[in-house]
Amino acid sequence: MTNHIPVLIITLPLIAAFLQPVTGFAGFKLRNLVIITILLVLNGLLFMLVPDVALQGKTIYYTMGASDPSQFTQPGISFPVRIVLKIDSFSLFTGIIVGVVTLTTFLFSTGTVKEDKRKSYFSTLFLLFTAGLMGMSFTNDLFNFFVFLEISSISGAALVAYRTYRKHAPYAGYKYILISTIATTFFLFGVGICYAQYGSFNIQYINSVLAHSYLDKVAMLFIIVAMAMKAGSVPMHMWVPDTYAEAPASISAMLKASGMVTLCAMFRFTFSLFGPSSSGAGKINYETLGWIVIVLGVLSMFIGVTMALIQHDVRRLMAFHAVSQTGYMLLGVGVGIAVFAKGDGGAAFKAFGKMAMVGGIFHIMNNAFYKNLLFLTSGVMERRFGTRNLNGMIGLGHRDTLTTVVFMIGALAIAGIPPFNGFDSKLLIYESVYKFSPVLAIIAMFVSVMTLASFMKVFYSSFMGPRRDDLIVEGAPLTKGTKAGLIILAALIILTGLFPGIIVDGIIEPAVTALTQIR
Amino acid sequence: MLSIFLYVTVVSLLILSITSVIYKRNLIKLVIALNIAESSVNLFFITLAYRPDSTAPIFTLAPALQELRMVLPSPQALILTNIVIGFATTALMLVLAVITYKNNGTLDIRKLKGVEDHD
Amino acid sequence: MNGKIIDLIIKPEIGIVWIPLLLVAVFFVFMVVFHVWGRKFFRNDYNENSDQVKPYNSGNLDEVNYSVKSSNLYWGFKKSMDRYFDIMKKFHDGDLNNYAKWFVIVVAACFLLIGGGLL
Amino acid sequence: MTFSVVLSILCAVILITAVLSILFRDLMAAVVSYAVFGLVMTVIYFMLDAPDVAIAEASIGAALTVCIFVIAIRMTRRREE
Amino acid sequence: MKLVSLLAMFIIAGFMFTGIGKLHLPGDPAGNSNVFSQRSSEKTDTANISTMDDYYLRNGQMETGSNNIVTSVVFDYRGFDTLGEAAVLFLVVTSISMLLFSIIKGKDLEETVLTDSDGFPAGMTRIVSIGTVLMLPIIMAFGAYLVIHGHLSPGGGFQGGAVMATGTALLVISSFVVRNLQKTYKLFSFFESLGLTVFIVTGFAGMGISFLHNFLANNDGSFLGKVIPLGTNPGFLNSGGILPILSTAVGIEVFCGISIILVLLSRALNARGSQKGGHKC
């Protein structure tokens, strides 16, 4: 049964969602319990994969419907014919992020999203969102990736527009689905061009016969820019603040997770699909590709933070920070891309390129923890004061000690203060990027300072100040589920912060080696 | 010779739809534009799958020639999926546009700023 | 887990000596020493229940329930970069056409890179 | 020879109906021209030896999508302001 | 700023048109496309467009037992895409019912049928109503035919379900008001989940070997497992293995899903809560 794990991870949420309308009327307590157990089982299955995929560096294939699922191709033919799921340590890394984020976010949403007839739809869409993200991180097939990308986009758009009584929520959902449809159409065009050249949809097979022609560059361009748009890097990021601000708190956390899975998919496409293939010498100039990603990253960092500083809507402020943190990941991995196929036999990559990539990908995991924590705390703040305007929030610290402590942990982590996990990955990024080109590192540090400044603004104005019970709209204490979600995330932040060695050696280092195939 | 018209149609449909997404102001008009973009991608896949003087990939009552040539089946299978996904996205966007109209009373992009005033 | 727990703690090859347990221990030692010995050097005329506890409202002594509004923090920074923020606000104003336009501009820029032989 | 002539005529019809459905200010007329676009797409798919896709495009692309558009326009405004 | 985007469009158009020149034209015979040339032995010339597809054409009948290779690719070789696709449709139906039930509230759920003096639904003229009643069985029969003969003639779950859904569209357009939306919605959504669960359970049934494994095909004439003669044959109904089951499951799901969308949209059209701006056009 253990070699069926990849399929179980994707199909369990699907079957739970399909049965939802029929079992949805069995009372919401039982439904929440069922969904939480399913998400726990998902995490369990993922961590069962860690020993042999991450530590021994094995790659598990799973061919759908084949007589022997663990073989990449059928006996007797050299090209894959069916859909293949590929679990190497990088896709396992993405899966772990999705598993942790969905578990904590659903725990949080049991408390905040109010129970009514439409809540069973909310949990169905939530499960399908999880299945979409899991599928996107595991699949090795281009069109299968497109189908799961579409699942996560549509469920994200519907969940953004969940609160239809708000003035702008449906329009934010419309923006999200329009941007996603443009991105998926161009992505499908890239897939069509790849199919036109090599007759297959399998990422590994196409990379083995890649001829680096003009059309491959066009296909790479469409696929990577479409993924960058969905991940929210700067020139195409303007939908991020509008969508995250209107969505319920747990859904903006999930949207951030889908943005990061899209970012990981973008790195997988640059390395596994269009990487320097074994057959042809790489004519694609990875230096320029790296510099494109670096420019996107630096722009995201700077514009994200400067716009965040002047916001007075707490969710829009955090959305702009999501954009600026995406800039850090793009910068880290961009340096790796620029250097990994350099002519000097990998000396530069061994010197700082690999450390930059380790920093960038470690930052993806760290960001998954603390950015979701901040989105969830902004959900609590919005529920307490009924408004998202920072000027209307005073003295929350007196009432919710847990939220205050958790917000402090998240804010210090995002600003990169030593004991917390933001510092470890940012340090790796600063050191390696400094060796690549000092100006980028200086910009990164300046942006980190401004991140701290904007979160101090939020903390100062909404948590401190005198106790004002007249402003509190809803004083009910947080439910057990909400507290559990916040505490798990805070504990994860502190653990990864104090013992980064375990996480870097256990999951991040094998992920980078799996991605770049360079020891 | 014949495929040049098809590929030119595909590219011009895509350019037309992306230009109209940039310039048109009505939300429902944008949905029509995106439908045209999806149809152009479908046409692109089907022209890739076409082979001259060959039949559809169905063996029931296919012409019983010795040299039976058939069109490529896998792009057609994918376009089946893509058409239904295009329909699904259209339905969702239309419902969201209708509810936006119910909340804001207008479908014009310039009037629907969707963003409260900045700080 | 390859390697003993000690190796995990001391990781010289990532360039920094990172001993979290040591940091935590040093922190506690410092706090204990400060609490026991260092406090004598500071003023000890602070007592809990006098009016020293109340926040110092810069002179006006009547009970003032206010907190600095978050929008006028960093006003100096905002004032000095006004031109930059005006441009930025124009970009993020919720106009869907501009959002799609930027995607087209990035694709066109990358196409120029491909055409120029750089990519 | 006639095959490629007919196909190129249909491609021209496709482009015309697409441009018309974008330019019409009256949304109902735009949707009607989109229905013609879907119909001609079905004929093109059938000529390119793809009967499965032709049936799908006919039933979903031309019939159901247009039906949903009509209902959506009736719930909002007809003329594009 | 509008000029920059126009210029960008021209740049993209230019580069894509040059791309067309380099694209493989379907005119030239790609690979050895004679279907009979090599049965089930793999052909490994240079990677050109048709290696994978020629494998489907040559081995599709043997491995999946269905004559329509497109359906065998849709439901067997790339069955996981179709599962994802059915999930997309279920997803859109759930989100539309979630969004529209915020408009359709209270009194609108139990609407009595608006009929004119002698019992025909008001709204459209009587010709349309009678026409609908006469046309409905034909449409439903044709849709069911497409679903069941999916693996023999062109058609399959999606097309058949969509054709049957056009029947519902006909009912909705001829303003046939649903008697009790709550009961109709429950019925349709139950069948939709039933279709999807049958699909994924059939996928799990082959789990002994692998997900979506076609365990029913080609085992000497048992249920749906008839071994079909290769090449042109008149087509046998009990031949596709799990293909007919999956096709029927998807047909039910697509029909019920799209019917839910149409019924909810038409009810929201004249719900009390909706904006009075909705005009009669």
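First chain written, first letter: the chains are A, B, C, D and E, and each begins at residue 1.
The definition used in the following text is that a residue touches a chain if its C-beta (ideal position, glycine included) is under 8 Å from a C-beta of that chain, and two chains touch if they have at least 3 such contacts.
Remember, it's a predicted structure, so these values are computed and weren't measured experimentally.
Steps from chain A to chain B, minimised over paths through touching chains, total 1. Shared contacts of chain A and chain D, meaning chains that touch the two of them, come down to B, E.
At the far end from chain A, in terms of centres built from Cα atoms, lies D.
Note: the chain lying farthest from chain B is C, by mean C-alpha position.
More C-beta pairs in contact connect the chains of B-D than those of the other pair, out of B-D and D-E.
A straight line joining the Cα centres of chain C and chain E is 52 Å long.
Mean C-alpha positions place chain B and chain C at a centre distance of 45 Å. A separation of 22 Å divides the Cα centre of chain A from that of chain C. Centroid to centroid, with C-alpha atoms defining each point, chain A and chain E lie 31 Å apart.
In chain D, the residues that touch at least two other chains are 51-52, 56, 60, 64, 68, 72-73, 75-77. Looking at chain E, residues 5, 9, 12, 15-16, 23-24, 49-50, 52-53, 56, 68, 70, 77-78, 81, 84-85, 88, 91-92, 95, 99, 102-103, 154, 156, 158-159, 162, 261, 265, 268, 274-275, 277 sit in touch with two or more other chains. Touching of two or more other chains is recorded for residues 143, 147, 150, 154, 157-158, 161, 164, 170, 175, 178, 182, 195-196, 214, 218, 241-242, 310, 312 of chain A. Each chain pair that touches appears in this list: A-B, A-C, A-E, B-C, B-D, B-E, C-E, D-E.
On chain C, the positions that touch chain E within their shared complex are 98, 101, 104-105, 107-109, 111-112, 114-115.
Of all the residues in chain A, the ones that touch chain E in their complex are 4, 7, 11, 14-15, 17-22, 62-69, 76-79, 81-83, 117-118, 121-122, 124-125, 128, 131, 135, 143-144, 147-148, 150-151, 154-155, 157-159, 161-162, 164-165, 170, 193, 195-200, 209, 213-215, 218.
Residues of chain C that touch chain B in their complex: 71, 78, 89, 92-97, 100-101, 104. Of all residues in chain E, only 15-16, 18-19, 22-24, 41-42, 44, 47-53, 55-56, 76-81, 83-85, 87-88, 90-92, 94-95, 97-99, 101-103, 189-190, 192-193, 196-197, 200, 203-204, 206-207, 209-214 touch chain A in the complex they form.
Of all residues in chain D, only 3-4, 7-8, 11, 14-15, 18-19, 21-22, 27, 30-31, 34, 37-38, 41, 44-45, 48-53, 56-57, 60-61, 64-65, 68-69, 72-73, 75-77, 80-81 touch chain B in the complex they form.
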